[in-house]
Structures are given as C-alpha cells and as structure tokens.
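Pasting a structure here, questions to come.
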C-alpha cells in the first residue's frame, strides 16, 4: 500500500512538473520544472532500487545538462525575454497526436498487462553488477561512450569556439 | 492494490507523450531540447522499472538506462552549442524562425 | 587471413587520436591532417577488407560476420572518399579541419560498432556516437547560417527518433528481459506476437527510419543535405544510410524475424510513401543538393522494396545496392562540390550548358544520375533489378510496379538536370572550370566503380549472396 | 517447260526490261527510252501472236510457276496460265500497246517527260500482261494493283497540272475502294477453299463444296474489284477525270486494256461466278444500269474525251451485262472489238486535240476536211460503237443482246436496247459537231504526222473488220475458241438484229438532224430538256454527292479522331505528368522548414502506424 | 571457340563510340567516317548472317553463352533465329542509312554520333539477347539516348517531346521489368535464360495476370493504342536519323518483345488476351490512318501512319497462327525500312524547304524529281502496292488474321483505303501541282530555289529502297527464314 501511495505521489508530481515543462510560458521556469521532473525521476529510480542510476541522474542531468541549459538560456536572454514561447500554431495538432499516441500505447500496455508478473522479485543492489558489466561484457559501449562524449565536445568547441581572426 | 510493472509503463508512456507534445509546441529551441529530455526519461523509467521486475536483477535495464543518460547528455551539449552559435549569428532562438531552408 | 573482430575499430580510434594529435602539434596543418587521414583510411580499408571472418566476442554482443564486413567496407570507402573530397572543398577555417576529420572518424567508428553489435546497448551507443558526430559535422561550417540550421534540425529530429527507437527498445526489454539480439529472436519466436512487441516494432521501425530517411522520418533530409557542407551531405547520404540499413537488417530481419507479419506490410507501405514523396518533391527543386536529398529519400524507398523481400535474397540485394549507391551518390556529390567550388552556386539553373563547358564533369554527373535512375549498364541498374527481384520473390507484384513507375518519376527530374547540362544554352560565357585533383580522382574512382558494378558485378554478387545465405540460413 | 510457256513468261518480261532500261535513261536520252519501250512491246506482241497461234492450234491450259512466298500453310507461287482467254488478251494488249506507243512518238513529241512517258507505258504493259497471265489470285491482284499504279502515274503524268494530280489521286483511291472488296473476297476465298489458285478454287467451288450464300458472297466481293477497275456504277467517277492524262494513255489504259481488266477478271473466274445465280444477276443488272446511265451522261457532255470516257463506261457495262446473263464469249468478244474501236476513237480524239489544242467539241467543227484520215477512221469507229452493220461493234453487240434476250431477263434486254439508241445518238452528236459543219475561222488544224495516222489506219481496219471473227455468218470462231464447251452460242437472231440496228440508226439520224443538219437547233433541244439536261450535264451530281460525303463525313470524322487523340488520349498522358508536378508542388509547400512541423509529421507517422497495427 | 559474330555486331558501334570519344569535335568528318564504317561493317555482318544462317536447321544459331551473374541466373547469352536475323538486318540497314542521312549534322556532331551509335548498340543487343536480363539491359540502353538526341538536335517542342517519349517508354519498361521478374520466380528454374524459361510450365492464372503486364510494356514501344501518343510528338520533333532509327527499329523492338516474351513464354495468357489485342490493333490501324488524314505536318502524318502500320504487326501477332506471325515479322522489317525512308525523305525535304507543313509547299517534283520518286515509291510501299515490301507482309498478315478474326480483319483492311488516301494526298500536295513555297513568317510564297538529292542522300535512299524491292519482288527467302522461327511459336500457341 505504501508502495502505491509513493508511486502515485511521485508519478503525479512527475507528470505535473513535466506538463509544466512543456506548457509554461517562461523558458527559464520551464528549465526549473525540468530539474524538478528529473529529480522526481531519480526518486522513482530509488523506489525501484536503482540507486546508482539515481545518483547518475542527479549528477549528470540536473548537475550538468540542466545547468548548461539554464546557462544557455541566460546567454540568449535578449530574445528569451519575450514571454510567449509556446507555438500556438501546433498546439492543437500536437495535443491531438500526443493524446492519440498515448491512448494507443496504453491500449497495448493494458492488453499485455495480464501477462506481467504482479510483484517484483527481491531486490539486490545492482551497482556492483553494473560495474562488472561495464568492464566486462559492455566494455565496448563503455569505451565508445567516451568517444561519443569526446566528439560531442569537439563538435561543440568547433561550433561555439570563437575565431580570433573573426573577432579582429 | 499492488503497483505492477504496467503502472510504471503507463507512467512512462504518459511522460513520453508529454515530451513529444513539448517537442512540437515549444517555440524556443532550448525548450524543444528540454522536452526531448522528458522523452529520454520516459524510456529510462520503462527500462529501470522493467529491470526491477527481471529475475536476473535487471542489470541490462539499468545499464541501458545509464548509457541513455550519457547519450542524452552528449546530445544536449551539442544541441545547446549549436543553438548558441545560431544565436550569436542571427540573434534567434525560436525554432520556427530557423527556416532559411524549406520547401 | 583474418584479423580480430575489433581490430578495425581500434585502428579507427587510433587514427582519430593521431589526427587530433597532429591537429594540435601541427597547429591545424590542413595538409598534414588530410595526409594522415587518407593514408590512414587506406590502411583501414585494408584492415576492413582482411577482417572478413566469423567471430563473436564479449559474450556474443559483438560479432564480425559477413554483414558487418560488407558494411564496414562501405563505411571505410565512404569515409575515405568523403575525406578526399573534403580536403579541398571544405569551406571551414583551416583550424577546424582537424576537428572535422576527427568527427568523420568518430562517426565512422560509431557506425562500425552499430553494424557489428548484436546487443541493444552496444547498438545504441554506436548509433548515438555516429549520430552526434554527424550532427556536429552538419553544423561545423559555423559561419554559414544554413549549416547551423541544418545541424539543429538534424539534431532535434535525430533526438526525437532516438527517443522513439529507445522507447521501442525499452518495450522490447520489458517483454523479453534481454538485450541480446539472439536472445530476443529466441524470445520472440517463443512468445509470438503480443501487443507489446507489436507496438515495439512500430517504434523501432520509426527509430531506424531516421537513418534511412524513411517517410515520415525523412523530414530532416532536404534541409540537412542543403545546409551541411557538401562532403558531409555525401557522407550522410551514403555511409549513414548504409549503416542504417545494416542496422535495420539486424534488428528487423534478424531479431524480429518472427514479427515479420507486423513489420513487413508497414515497411512496404513506408517504401511506397518514401519513394513517392521523395520523387514527387524532387521534381520542383531548384537547388541541386536539395534535389539530391529528395532523390536519396526515394532511393531509400527502393532499398526498402528489397528489404521486404525474402530475408536472404533481400539482404543481399540491399547490400549490393548499398555498395552501388555509395559509389553513385559520392560521385553525384563530387560533381556538386566541383561545380560549387568553381562557381559558388548550387542552383540547378546555373548548370546550364555544363556539357559544353566541362564535358567530362557533365558526363560523370550523367552517369551518376542515370545510375541512380537505374539505367544500364550502370551499377544502379543491376542493383535496382536485384532489389525488385527480392520483392518479387515474395510476390510483391504491386510493389515492384509502383517502384518501377517511381523510377520513371525519378528519371524525369534526373533528365531535367541532363536537359540543363546538355540542351539548355549557358547563360554566361562558358569558361572552363578548375576541378581539384582529389575531386577528380574521386570522380574517376566512383565512375569506374559504377560501371564495374554494372557490367561485371558477378564476383561481388556471389560474395554478398554467400554472406546473406549464412546470416539468414534457410529463410 | 513447253516453248509456249517459256514464250508466255517472256512476254511480260520484255516490257519489264524495257521499263528498267527506259526509266534509267529517261532523263538523258529519252529517245532511247522510247526505242527500248517500243522494241520491248514489239517483241512481246510477236511472241503473243505466236502463243495465240499455239492456242488456236491446240487449245488447252498450260501452267508454270515458281514459289514466291511461304508462310505456314500458305504457299504463294508466281505462276502463269496460258489458255485461250489469256492468249487472246495477250494479243489485244500487246497490239494496242504497240500501236499506242507508236502513235505516242508523234503525240508526245517534244514533251519534257518523253522518256518517262514511255517507261511508264512499258511498266503498264508488263503489269497488264502479268495480270492476264496470272494463274492465281495473288498474282492477279498484284497485276491489278500495278496497272492501277501505272494508271495513277500516267493520269498524273503532267503532274504540274493540279487537275491531273487530283484526278490521278482520285483514280487510285476510288479503285482502292473496289480493291478493298476484292482483297476481302480473296481472303474469304482462300480461307474457305484453302487455295489461291484459280484452277483449284474454281474446281472447289464448282464442285459445290460451299453453301450458295458463301459463293455469292465471294463472287460479289471479287466483283467489287471489277466495279472499281471497270468503272461500273457507283465507282465510275474516276474514269472521266482520268482523261486529264495524255490522250494515248486514255486510249491504252482507260479504254482498251486496263479498264477491261474487270471484265477479264469476271471472265477469268467465270467458273466461280457461274456457280452463283444471284451474283450473276447482280452483275448483269449493274452492268445494264451502268450502260444506260453512262450513255445518258454522255449525251450532255462537251469534252470530247469525257464523252468517250462515258461511252467506255457504258460499253464496259455492256460487257458486264453480257457476262451476267451468261454470255461469256459475247462479253469477251465485245471486249476485243471494243479495244479496237475505242482505241481508235481515242487516238482519233488525240489527233484532233493535237491539232486544235482543245477538248471542247463546240470549239471544233469542220475538221473533216482538214484532217481526212482522222475523220474517216473516226467515223468507222463511230459506226462500230453504234453497232452498224457490218463493222465490228455490230457483231459483238448483237451477241450481247442475244445473250440478254436468251437469258429471259427482258428488262435487261430493253435497257440494252435503249443504250444502243443513246449510243448512236451521242456518238453521232460528237462526230457531227466536231467534224462536220464549217471550220472555225481561227483554227489552224491540220492532219497529224504519219506516226499518228498509221496507227489510226491500222485500227480503222481492225475496227471495221474484227467483228467478222465472231460473226455468226462466218462460224463464230472466237466464241468457239474461248468457250469450246459452252452450250449456247447464239446463232443469228434476226429479230434482235433488226431491233438493235434500227435503234442505232434512229439514234444516229436523230443526232444528224440536230447537230448535222441543224433541223432542230441544239440550243432548243437543250432548253426543251430543261432540268433533265442540267442533271445530265452534271453527271447526276454523283461527284458532288461524293465530295459532300468526303468533306462532311470523312473529314469531320478524321478531324474528330485527331482531336480525340490529341486531347483525350494524349490528354490523359499530359494530365498524369501535370498531376505529378502538381503533387510534388503541394507536398513541397507542406515542407515549412520549421522543425516543429517536422516533429509533428514524425509523430503523426507514429500514431498512424500504431493505429494501423492496432486496428 | 568460334568467331563471336553477334557480339562483334553490336561491338562495332560500341567500339566506334569509344573511338569517337577520343576524336576532337572539330574533326567532324573523321567522326562521321568512323560512324559510317562501324555501321556499314555491322550491316555487312548482318547481311553475312542472313546468308550464313542455316535455314534447314533453324532454331538459335551463332549462340554465345557465358556465365555472367550466377546469383540471378544470368548468363551472357546471345543467339539468332530467323526473326533475329531479319531484325538485325533491318537495324544494320537503318543505321547505315541513318548515318548517311546525318551527314549534314554540324551542331555538336561528336555527341550526336556517340549517342546515335550507343542507341544502335542497344538495339543490336536487344535483337540477339536470349537472356531476359541481358535483353532488358539492352532494351533500356536503346531507349535512353533518344532523350538527348531529340532534346539537343530536335525541332519544335523538342524538350517536351523528348521527355514525354523517354518517360513513356520507360514506363513501359517498368512493366516489363515487373513481368520479367515474375517470370523468373514463377518458372522456379532460377534462370533468366530464355530457353530455360520456355521449358517451364506456368500456372494459368499467372499467365493471365502477367501476359497483359508484359504485353502492354512492350506494346507501348510498338505504339499499341492507346499507348501511342509519344510517337507523333517524338517523331515529329526528332532529327532525321533519330526518327528513322526510332520508327524504323525501335518500334519493332517493342513488337519483337511482345513476340519473344509474353506470346512465346505465356501461350496460355496469349490465348486468353490476344483477341483483345486484335481489337486494339483494329483501332491502331483504322484510327491511326484516320488520324493521319487530319494531319498537316509531314512528320505527324508519317508518325500516325507508323501507328497504323504497327497495328498490322500487332494484328499479325494477335492472330496466333504461323501465316500471320510470319507476316507480322515481315511487316516489322518492311515497315522499318519504309518508315526509315519516309523519315529520311521528310528530313531531306525539310532541309531544303525549311517547312514540314504540307500546305506550305507544293510542286516540289519539278525541282527534286529523285526525292519525289523515292517518296512516291515509299508511299506506295506504305499503301501495300505489290512489288514492294509492304504487300507480301500485309498480305500474309491479312491471310492469317482472317482465319482468326474475320470481322476484325475486314475492318482492318479498310485501312488500305485510308492509307492510299492520305499518302496520295500528300504526294499530290507536296510534289505535284504548282511550284510554291510559303514562308509562314512573311506569308509570301516564292519559287523553289533548291536542288535534288545529293549523292550521299541518294546512297542512303537507294540502300533502303533496295531492301524494299528485294522483299517486295521475291519474299520467299525472307519468309522461309522467318518461318523457321515462328513455326514453333505458332505450334505452341496451338493456332490454326
């Protein structure tokens, strides 16, 4: 029962904050709601026993991505000052299509619900297993992620880095 | 009333669709990126929840989620960089004004 | 002789590091960087060529098989040719050439992993590595508004499609509890088609479709091709698409083999839409890069036609076509590069009278376009024949007719280009143009290749069909 | 191969060789052309005589062939058949050709196309000889078409004259209409009987293997060809126009030989026609009608050649009538005599035209004194065609009348008699208007040169005496020669003889009264006839009717089809093209360049796919 | 290994293409000589083939068969039977005459001859290929160069016409492609070799479905109604040699395809569908000739006459018996040469008077007697005059067709009347009557100031006329030759 309360509470909070992220007019506020949503997701991870992931979620997402987003929002302030940041043109079709998609996914999920096991097996902290996995079977993606991040950095630098000649 | 995997999956689906909605309706390019983060988080909720219900301790699901976070971060960084560069040149952050190319 | 399955990936990483180091040490010495790059890619090609074999590592998550072998050869060839046309034609500051070359290699590396992995996580990371590098490449010409806009559009739609793919994969994980393709295949055939797996097929299909420029995931293609530096467009159009198709083969034809009833009709429909939309919208285009973008959308449609054919036959047809398509599209883009370098224009109307001005360049373009249209004796003809044969084997008469009629539609706008080059008189006095040596070399290589695959494709075909027979036995 | 056959094969080949030689040198050495042509036809004439002699001595069919086309079960040979009928035709054709060619030396002298003219004549001789020698339908058809071609070429010989060019085309096209039926007839026959050879087909049909209806169908279809070629109503319209050609051509082709091909064809296939009484009745009726119809028109014409043309049509109708009422030999006999006197008439007319430079008989007059040879020979011919004892036409016409009488079709007989009267009248009118009376003051007419008058004289003798070979008084040799087994060869029927002679004489006298003695002025007669004259003058308005049909129906149809093709059939094609462009443009406009719309497309795709899967 | 006669035959023009590629454009005469040499040599080979083909043995001769694409069951497989021999001969004649007729091409001669000879290579190839993949390959090669040939050297609305023609024909080939693939898989033999495919037993339903696909595909190129509208526009815009080659040879290629693939391989489908084809061919013949009557442009007239004459070929094909098939093939040959002459002549007239409108000129015979003579002869061939090639061909078709479809054939024979009408009308207007030449621009008419055919033109015309006469005067060697090839087909169709 407590599980249920916790799930509905966190789930509700998540959806509300997520809804605010996509609807609130001020982009800066949206970023803050995003941080909240991501945090709630981390909490959900905790309830699911994924502690390591929860930590990563907070560190990487909130600590890096959202901060960076807010940073960029501040840098582009001159324009973002304008309050209306939602595009009216697409609201109705977007709402329609999202709702439709949601319904269809829900249909599929509910159809399959009977076969899903009722209660989860006993939890064990997977952190150690994750570590072993990263250096074992999944060492290749683990190594590749560094290339991924590296190229992301190289590209970002190449794109935003200022050319001296240009400034002169 | 027990919380089953399906509950989490429904939650994930709802988040996914909210993210999609945001990606379409957000005018600000940064907003679009943020909405897409919601999509990735929806995926991760699915993965982590499914991992919880796996008999093998759900290692793969959690690992998957981990890599998703990394990839999402990389994409966001690059996306923000490009937005910043566009802003510098054209003082534009609204995605619907980035339509020099069309038709 | 057979090398370890990871040797190419290691070599590529090494080359990437070398390029970065040279970049730093040589203070962005453009020539040196490209020298390293080209020598390196030749070596990579040798490695790729000799790493044919059958091996699995990391608990079966990573394989080297025929499919990955062919795909990697295409990737390396593509990367090499793109590098060659980039070195003289890139309009970015010299100091970013190092980053550019490194990103090319990172993208290639990601795709190599993508085509070799038999496990969702590895697959995904490979995919993201290539995608992110490509986003960066598309936007790298940062003094060009179009390039930046291409980058952000590419990234947003790419991220969205990643989201779709991931969502599909997460459902796969939910229903099968595994990420290994072999295990998924087993689980799918044991469990049959439940609602969850069925739904996941849709998501996966769309997620895969992004790389292929499949309708409705084609939306980014014209803008990115137009805005990105032309060599990057070439790279995206051939290498990324090829890797995407191999990826699709692994996921759909292999892992989801028993869900064929679900994805095959969807794919057939997508094929029709892709061809038709691509061709129809190509007709009114005025910008040659945009034209090639729409043409490459339609090309994806043709490949999808082969895709719906029986697995073994279809896979070999797809692989063969990808090989042809790589050479052909690189040739086409090389002409565009040569032209825009000389004239600074990508507008089709400026191609008027090219045949009088630069007969050989025009001729190379003709061969490329006609190969795309599937005219013999060029590679595109054999390739398309092969693809349509695959669909026909499954009894898709209607699809073959639609596809063949679509080729006629495509011929229309290719001929419009021909018309400009050969029939229309030039608006300006026809001054001969200077084409850089590397571009000329690439044109020669690709044109020879197009003819070779059109006239004597036998050996290549034999190898490919052996490979697919092994990967898709008794199917 | 018997020598006779060899000779028969050579007969058409001589003119063919002459043609090749003549056409080759026609532009540079036109005299050589003429020489070659005359030499060729002369040799052919001699050989023909020899062949005829052989047939007279020992009648009997001789055949020879070589394979020409083989397709499946069809084997077509080029084969010749020498028998009394063909050997007679050979002589007629070669003789007339020879005379006309000699005559042409004078008539065509100085013409720019002198050489060309002779080469065409040689080609014609070849074709016509092939036609009569053929032993199968295909070769017959080939000769048939080739003479048509020669006719076309020769009518249009003075091609720079628009009327000539137009008449040539008209001749060919009208003939084609008949040939259409002819060809269909051959097709039907070949399918039903499985053969294309006369002999086999005739045996097959005469053997009663086909239903009567089928035989009638075949016979009538074949007869269509004859209608066209022999100028029978309603396809007679080309023949008067054909007079635009040089007069020797009119003499040779459009009176004596080619136009008789239809008659010859019916005679040649008489075994088939005889099997169908219905077909014979049609032939007889049409022949009789044409005879009187053309004679009526001839009454009101003023152009000397046109009068003769209508008389030719009328006489051909006579021959058809003969064949239709069972007078096979009579028809052929008349063909023979007609060849002589009609050639003579035309050559005489040519001589006149050559002299006065006009065709209008009212502009002539009094030529008898200026051109005595022409006038006398012409007069003999007039007597012959009118059927006055004892010149040739009398005997042959009498045979026909007898056959008609004997057939029991009284109405045909009466029509034939009326025609006799009319013929006498219009021929006499022609002669008296042109040759009698006072010469025109401005005319400088003089007698033609010897090369022209000699043929006239020879023909005059023939026209006068040729009838004797078929005269009942002298044993009717020609009839026996042609139809040895025919039961009825009419003897001397005094009643018929008297009736026809009387009518002919009355006709001539009536004309003399009007045109010779001017007891009644021609003008008065004309006015008295009133509307009848107008109708006759305009040839019953047949040409006008055809023109209206062609203009109103045919051209409207073709224009309609052309429009349909351009705008409907091709319109669909262009529409597909336009629709593709339009579709591309519509989709293109949907590509807004805004990334949100792109995302929307993607998500709609997702929703649609899910919907498809789950519904 | 024996001398690869057939490969050499199409190899010669191909070789010429490569040679010309390296000849500088300003040396136009050299280019023309190379082209002429290659085409004349190919013609020589074709003539030699005509005599060397063993009629007693029949069947495929001079076969070359080399494995090519094992995976798809594709061999390099060329050979010639009686029909091929005829059509190769036709191609050789037309291309040689075509090169001669193009002697006055001065605008971009290099590209012109390269494209012309490429086209020729393809056509030769089609007429000898006995692997359907190879066949299709050559088929497409022979269609495409047409685009530039018309687009660059054409007249009038050339770009529209070129595009329409190319796309239309390619659409036909799209159907062919689908059909060929269907055959390949339905046969279950895993081969595209014609002889292997012809041994397969196809399901009756399959035959009925695929026959129309293949037949319409090929029929488009043979101007089967209602898929013919590319032809008038295309022909009227094309330069002389291209019209000659296209109407003379390429349209035959469609008819040949109809005979080779759907009719021979799918006899069941043929028996089911050919009556409908007979119906369409009536429309072709009558509608084509009636449309020709309404035209004013010489090339349109000839083009519609081609539509009409191809209808006769189609009628022959549809009749399913040996007589008609024989006639159909002979008609292909005859019409090929004849229409080549027609277009050649029209081109020569246009080259002199600069108008192709019938009502803008007249009385040309006085100035150009040789052209007039050839024109008349050609016209007579077209209206089926005996002694010229059209006659035996049409006669055989009608004789055969009448057995199968009496009523249809009767209607078709009316075509000979209409043909006579429009042909002679053109002759009359163009060559006879008063000499004049109207300049559309100034609305004035002048006398004609040009001469007769020159020696090169006469050579081209005579070459073609030679074959018209040969077939017309003595068709036996030709029909015997064709018979060896069509008899087995007729037997397969079980026709009468």
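Some notes on this structure:
As written, the chain order gives the labels A, B, C, D and E, with residue 1 at the start of each chain.
Everything that follows uses one rule, which is that a residue touches a chain if its C-beta (ideal position, glycine included) is under 8 Å from a C-beta of that chain, and two chains touch if they have at least 3 such contacts.
Remember, predicted model here, so these are calculated numbers, not experimental data.
The chains touching chain A as well as chain C are B, D.
Contacts with chain B and chain C are shared by A, D.
Across the two interfaces under comparison, A-B and C-E, the one joined by more C-beta contacts turns out to be A-B. With chains reduced to the mean position of their C-alpha atoms, the one farthest from chain D is A. Remark: the per-chain Cα centre closest to the mean position of all protein Cα atoms belongs to E. For this pair, chain A with chain D, the centres built from the Cα atoms lie 101 Å apart.
Here the CA centre of chain B is 96 Å from the CA centre of chain D.
Centre to centre, using the average C-alpha position, chain B and chain E are separated by 64 Å. Centre-to-centre, using mean CA coordinates, chain C is 77 Å away from chain D. Touching of two or more other chains is recorded for residues 588, 591, 593, 595-596, 599-600, 603-604, 606, 610, 614 of chain D.
Contact of a single residue of chain B with at least two other chains is seen at positions 5, 9, 16, 19-20, 23-27, 29, 32-33, 44, 49, 51, 54-55, 63, 67, 71-72, 74-75, 78, 82-83, 85, 95-96, 98-103. Of all residues in chain A, those touching 2 or more other chains are 87, 89-90, 93-94, 97-98, 101, 104-105, 107-109, 112, 138, 141, 145, 148, 152, 155-156, 159-160, listed in ascending order.
Across the whole structure, chains are in contact as follows: A-B, A-C, A-D, B-C, B-D, C-D, C-E, D-E. Chain D makes touch with chain C in their complex at residues 580-581, 583-585, 587-588, 591, 593, 595, 598-599, 601-602, 604-606, 609-610, 612-614. Residues of chain A touching chain D in their complex: 87, 89-90, 93-94, 97-98, 100-101, 104-105, 107-108.
Those residues of chain B lying in contact with chain A across their complex are 1-11, 13-22, 24-28, 30-31, 33-35, 37-38, 41, 44-45, 48-49, 51-55, 57-59, 62-63, 65-67, 69-78, 80-85, 87-88, 91-94, 96.
Chain E meets chain C in the complex at residues 67-72, 111, 133, 136-138, 140-141, 144, 147-148, 151-152, 159, 163, 166-167, 170-171, 173-175, 177-178, 181-182, 184-185, 209, 213.
Here chain D touches chain B in the complex through residues 588-589, 591-596, 599-600, 603, going by the rule given at the top.
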